[in-house]
């Protein structure tokens, strides 16, 4: 039973990570890459970590796994947000098929305040 | 014996105390105290005069227990002669100087340096140990540097002091080398003991260099051609200094040394060749030059050089007569030359000039000086009944009897005759010309010199005649012991003023006539070639060498230290690479045994692949940030390798620190300019070769080391005791805080200092007055 | 012998530094603590020295882990003497700094870092463990980095770029050598390494480590041709800093060379010959450089390089006489170079410049100070009977015993050129008419100082000159001490037995 | 950086990370961790906070200058090093309380030493990073 | 694997050396950091590598029951890493200051202190 | 096939390939922001690898490294973001 | 509410201590047990909201996981297949969330679901700019966000 869960969790985790990896390579612009990778990778790593918790079945290990997952969930999106907005105002181009851009012209060039 | 030791110690203590006494109180003139300073040399003179010399006894004062540096003295005839000259003439010079320098600033400074110099000279001539002798020798150089440069704000004084020190310093150090060589060859630095080990020295393969080095020392000090020019240059010193240093003492140190070492070296053919040729050349050349000088001190300087040449020449010839001749000549020369110098000084003092073209008819206003001049010239010319006459006789006798090679008597006698004639003429230029009757005396109402400005030279000049009339006065007490010391065998001659009409007398007469002719026809206008000879002579040559040496130094220094860090690093790394390459090529076998190595899994392969790619990315990225990020990846990959290979603590730390470093870079980088474009240049090839070379060597070395079996004794100790003794299970951490805790303590000190450094680099802004402290 | 006292010359500077860091921006308190701290360090160092110079070797096992398992501090005659000399020089510099370093630098860590530097120096001298030595070296270099840049003047920063880079490179090379030795022998303890090397079949590979350490320490000790960082930087910081650098920093490299090449690396003719050649070239290259400089501190800087050659010459020959000469020279040079740079500091205070053309007239204006300076400077030259003369005698004798004419030539030539360089300073700074220039006049602050302040500034120079005279006066005793050191260095068994006694 | 998202996150991350850092410090003797990493993590916590909220805010939060932690840490390490000397044991000899306590394990001078390391690491890394961020 | 790591070490040294021989201060520092990494990896490799055996005594025993990796090189590298961090931090800031004061990143323009 | 073998033969290679793919993005860029994201992802995958490694080697201490990784990767991203913002402003 | 939460945890810990069985199963049981007890004793008081929220949180987590998986599959499809079906856009979504906590959580959850990325929040905190991969219709997208994550999140938080 344990082995089964390990297999399932680690496999799906690895797949999500692979997905993120393909995504970052394949996506046409920066924002799409971020978009794809942050969650797929977070999810993937979360799953693999869970499989580790299952594998060890120790209090200490499980608590560490939980801590790491919480931490990743907390920091992953914040990091994506930071790098995404930074990329935007240094002028990283959007993919040419991008539709509406509500942010356009909303940043103050000097202090990066968003209107 | 013990008593002599005590006496010598006392003398030196006495001198040192007086140096202090003179130097300490103030720089102002204190004529009473300075006038009394003559008591120091005078009392020493008395002691030396009554002390009986001994060729046997060596007085040992102090022995070093680890160096062959034994302060030991020997008071034999040679030492006695020089000690008496040094202290005797010293006494007169001190008397003379306190009058001469009456209204000059810093007289005491001068006197204290003179005393220092005198002590040093005494040390030179009394020492039995070569190293002690060298010590005093250097002291004479240094103190004379201060004396020659006494008028220290004067450009010319500075130059001549530097020149004198450069040359005597060069010689001194060469001489030290020579001393070490012969000392080590003979296994003793005691001159007395060395005499019984001459064979060890003469047969040593390094004998010739040793001899050359010592001669370099002696020749430079005694102003032998081509090093002679510093001596006339040194006439920038106040006249009492010139009179002391350049007549009786310092310049004779070289002659003293040759005389002292003569018993050791005289068996060597080279000794004879070098001394006679350099001495002969010097005496001729300098005597000739002296005729064309117009400054009295310059004339005296050149004649001194010439006389030194004579002495060297005589020592080189060897043989009883020559040795006796030089023994006497040292004394004679000191007497009349010191008199001449003081005479010149007094004339200068009273008239304000020393130019013989501007002086005439002084005989009337300064009759005493005229008398002194004539007496000195008498002695100088070797006119009976002066002691000079005895000396000259001896010289001619020795040259006439010299049989070492065919025509030797003729050649040597001719050289001596020519030199003596010119020296006589030069003597007249100083001792007679300024006083000669003149229709228009240059200084008709000149002041009479004070007592101390004429009495000392008068005494000396008179002694020249007294000794001539009674040669017995110096025969047994001075000349024989001196000659014995120089020859190394007992010599007992009988000095007589009158030998009857013989060849020697005819040659002497010829000398006088030639001298008179030269004097009468001495050319007021210096012929062109004389100036040219001086201009392009040895002085210029040595100056040229010195200048090109300095240019070379400058070129070398600028080339090495050109400010470009790249060059510096390249040089250092090339040294590293070539040394390492040599050792590695010599020692390693380049065998790779796969048995001893672990296999490569695909993950490790990929990790290392990424690592290597990132290295290249770091290398060739044109963007700074990309380079820094790639560098970050290098660190992260290392971290993964640490994970693979069982180093969790390391991985954590590496990862954290790597990130912090990247962050630091990032925080700083946006303030820095972009990379300069990496254009290809030949420099890159060179750099690449060095870089790849060292890299390859590192790889080879590591593989070689890996083929040896590891030693795990200490690790096993840690592993065994980590929990049992140090109560920790993470052995790495236990090492850090316990087994090798001291490292960690120091390490946090390093971190703190670095933090302080960063803080101060960025925060400290100095106020203007604090910039350089 | 287990001996707590070995640690005090290390701990007292650390303690003083920590205390000073609590008084971070209180320069006045720091000055007092600094001098007091250095004073007590000196006392403890003298305590160490007086014991070690009797010939016993003392050990201290940090953490009570016996060698070779823990870190051991070892005090033999060489270490003891150097600890004492370093602490003495540091005290002199500390006093000088108390009088010369302004509140700007003082409130940014100058004094604590001076203590850290001394701690690093003493630690290096006492370290009995190769990696520990590395760590001490890092303390030294980081302290020196901070001291050399403190103030951030343009010249300081430019010089520091070179200084820092080359020193970091040296550290990396050193570390590489440690890696080699550990990989081959599995130990870091010097005595243990020595023991193992003696039995090792891999002498060839061990020689690569020898080369690495030679270059690593060679850079640190400014050996030809690895000295570039020194003339580029030593003249840029405040005089007090130059003084402690000039007196002590390169000497640690020399010390490390002696330690490592006596204890670890057995006689390899190639390496010995290399050391001798580089030593001779150092003597001459440094002296040539000194000849042409116009800045007093640069002249001294080049003289450091030249004189490092003397010490390396002794190391290269490694005969008893040669070692005595080198060690004696090391002692002398610590005192003489510190003093020389401090003197340059006073000259700067008087005239506002380090450049010869801007100085002049000191002899007539300050005759007694000038005589004091002359004594110090001629000691540096090695004019007999001053202190620099004696070691040269040993070295010359040693060179002769080896029939090494080039070395004799190098020593004599370097001595001559040193003499000329110093005489050049003497003539230009002391004899020549004083040059009055408006732009530097305001930096000449000597005349504004009160008597007490002047005494504070002159005290260290008097101390060092006296020390130098004592070295000369007791040259025979110093020679005996150096002979003891030579004996200890020549026979690693003594050291090994003291650190890891055979049961 | 002017973003509430980061600001808010950092508000929660700071205590979390500090807690974590102490955890890492204390367990170092048994498992990977120890004073260095612990100190670095704590430093990172403050750096993050500073990135999000600006340096002045973080400094206000810390109340003391981080540089002050250096002498404190050094003093603790120093004292734990010389403490054994009072008992005539060599410098830095490990001394232990007899019975172990939970989480930390045996209480000994090594732990105090590690705490010293921890503080110095925090102090120095923060001094470095803060100074750089402050200066143009 | 050792061969690969040995080659990597060689490369790290070579790259570090090549970078410190450049004119740019930033490259210089990066080069030094790479060299430091190379030296650390060298210590690690020469201390012999072993997989999956961290030198941590298992929870339930007082001594190692299995083989374990040599902890000493790890401790040495750890110390070296932390020390290099301090030095690198300082060097980076030095570069920053030097650039601000001299207005150039080009090391070949910083030659005033070497002039006579 | 045991779990361990499975992890070794299947999971780790997948993760390794992912690393390669991301690394290609890291090399390609084109912008600095792409590199930063790639770096972040690399570290995240590194956490995954370490977890798997922990299971395989039965050493839970690798999870500690994973924890540190997670923590610091975030800081790195923030710092780069900070850099990008500053750089733009100061140009 | 906070005090109740703490009380809940404290009671669970006491339970663990009493039973002496220190593992997650027991801790979870302790939590559920003490939750039940607290719920029983707090009925009818204003503190009751705590007991309403806990189920909501659980629901929210379930919702989030569902969204996560759904979106991941969508993205995965796009990533794996050669043709790109994306229609990206940056949309400003007006916010009802007010406090820092609310905005941050919302933004993070949005980022965590594939295909959307919270770019920034306007200075007046009224608009959240989202980069989305599949925006067929702007208003529809805004509505899905507001009705989906924002509403559920605010339900829990308020």
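General remarks:
When the chains are written out, they are named A, B, C, D, E, F and G in that same order, and each has its own residue count from 1.
Heads up, the rule we're going with is that a residue touches a chain if its C-beta (ideal position, glycine included) is under 8 Å from a C-beta of that chain, and two chains touch if they have at least 3 such contacts.
Computed from a predicted structure; not experimentally measured.
Number of steps on the shortest path from subunit C to subunit D, with steps defined by chain touch: 1.
Shared contacts of subunit D and subunit G, meaning chains that touch the two of them, come down to A. The greatest centre-to-centre distance from subunit G, using averaged C-alpha positions, is reached by B. In this assembly, B is the chain whose CA centroid lies farthest from the centroid of subunit D. The chain pair with the larger count of C-beta pairs in contact, out of B-C and D-E, is B-C. The centroid of the Cα atoms in subunit A and the matching centroid in subunit C are 56 Å apart. Subunit C and subunit E, compared by their mean Cα positions, are separated by 28 Å. If you average the CA atoms of subunit A and of subunit B, the two centres end up 79 Å from each other.
Between subunit E and subunit F the centroid-to-centroid distance comes to 22 Å (mean Cα coordinates, whole Å).
Along subunit D, residues 1, 3, 5-6, 9, 20, 30-33, 36-37, 41, 44, 47, 67, 70-71, 74, 78, 81, 91-92, 94, 121, 124, 128, 132 each make contact with two or more other chains. Annotation for subunit E: residues touching 2 or more other chains are 20, 25, 28, 38, 42, 45-48, 51-52, 54, 56, 72, 78-79, 82-83, 86-87, 89-90, 93-97, 107, 110-114, 116. Touching of two or more other chains is recorded for residues 14, 21, 62-63, 131, 135, 138, 142, 145-146, 149, 152-153, 161-162, 165, 169, 176, 180, 183-184, 188, 231-232, 292-293 of subunit C.
Listed by label, the pairs of touching chains are A-D, A-F, A-G, B-C, B-D, B-E, B-F, C-D, C-E, D-E, D-F, D-G, E-F.
Residues of subunit D that touch subunit E in their complex: 30-32, 36, 121, 124, 128, 132.
Subunit B meets subunit D in the complex at residues 648-649, 652-653, 656-657, 660, 663-664, 667-668, 671, 725-730, 732-734, 736-738, 741-742, 744-745, 748-749, 751-752, 754-756, 758-759, 762-763.
Contacts from subunit A toward subunit G in the complex involve residues 16, 19, 22-23, 26-29, 31-32, 34-36, 38-40, 42-43, 59, 62, 73-74, 76-78, 80-81, 84-85, 88, 94-95, 97-104, 106, 113-115.
Residues 67-68, 70-71, 74-75, 78, 81-82, 84-85, 88-94 of subunit D are the ones that touch subunit C when the two sit in their complex. Across the interface of their complex, subunit A is touched by residues 22-24, 68, 71-72, 75-76, 79-80, 84, 86-92, 107-123, 129, 131-133, 135, 138 of subunit G.
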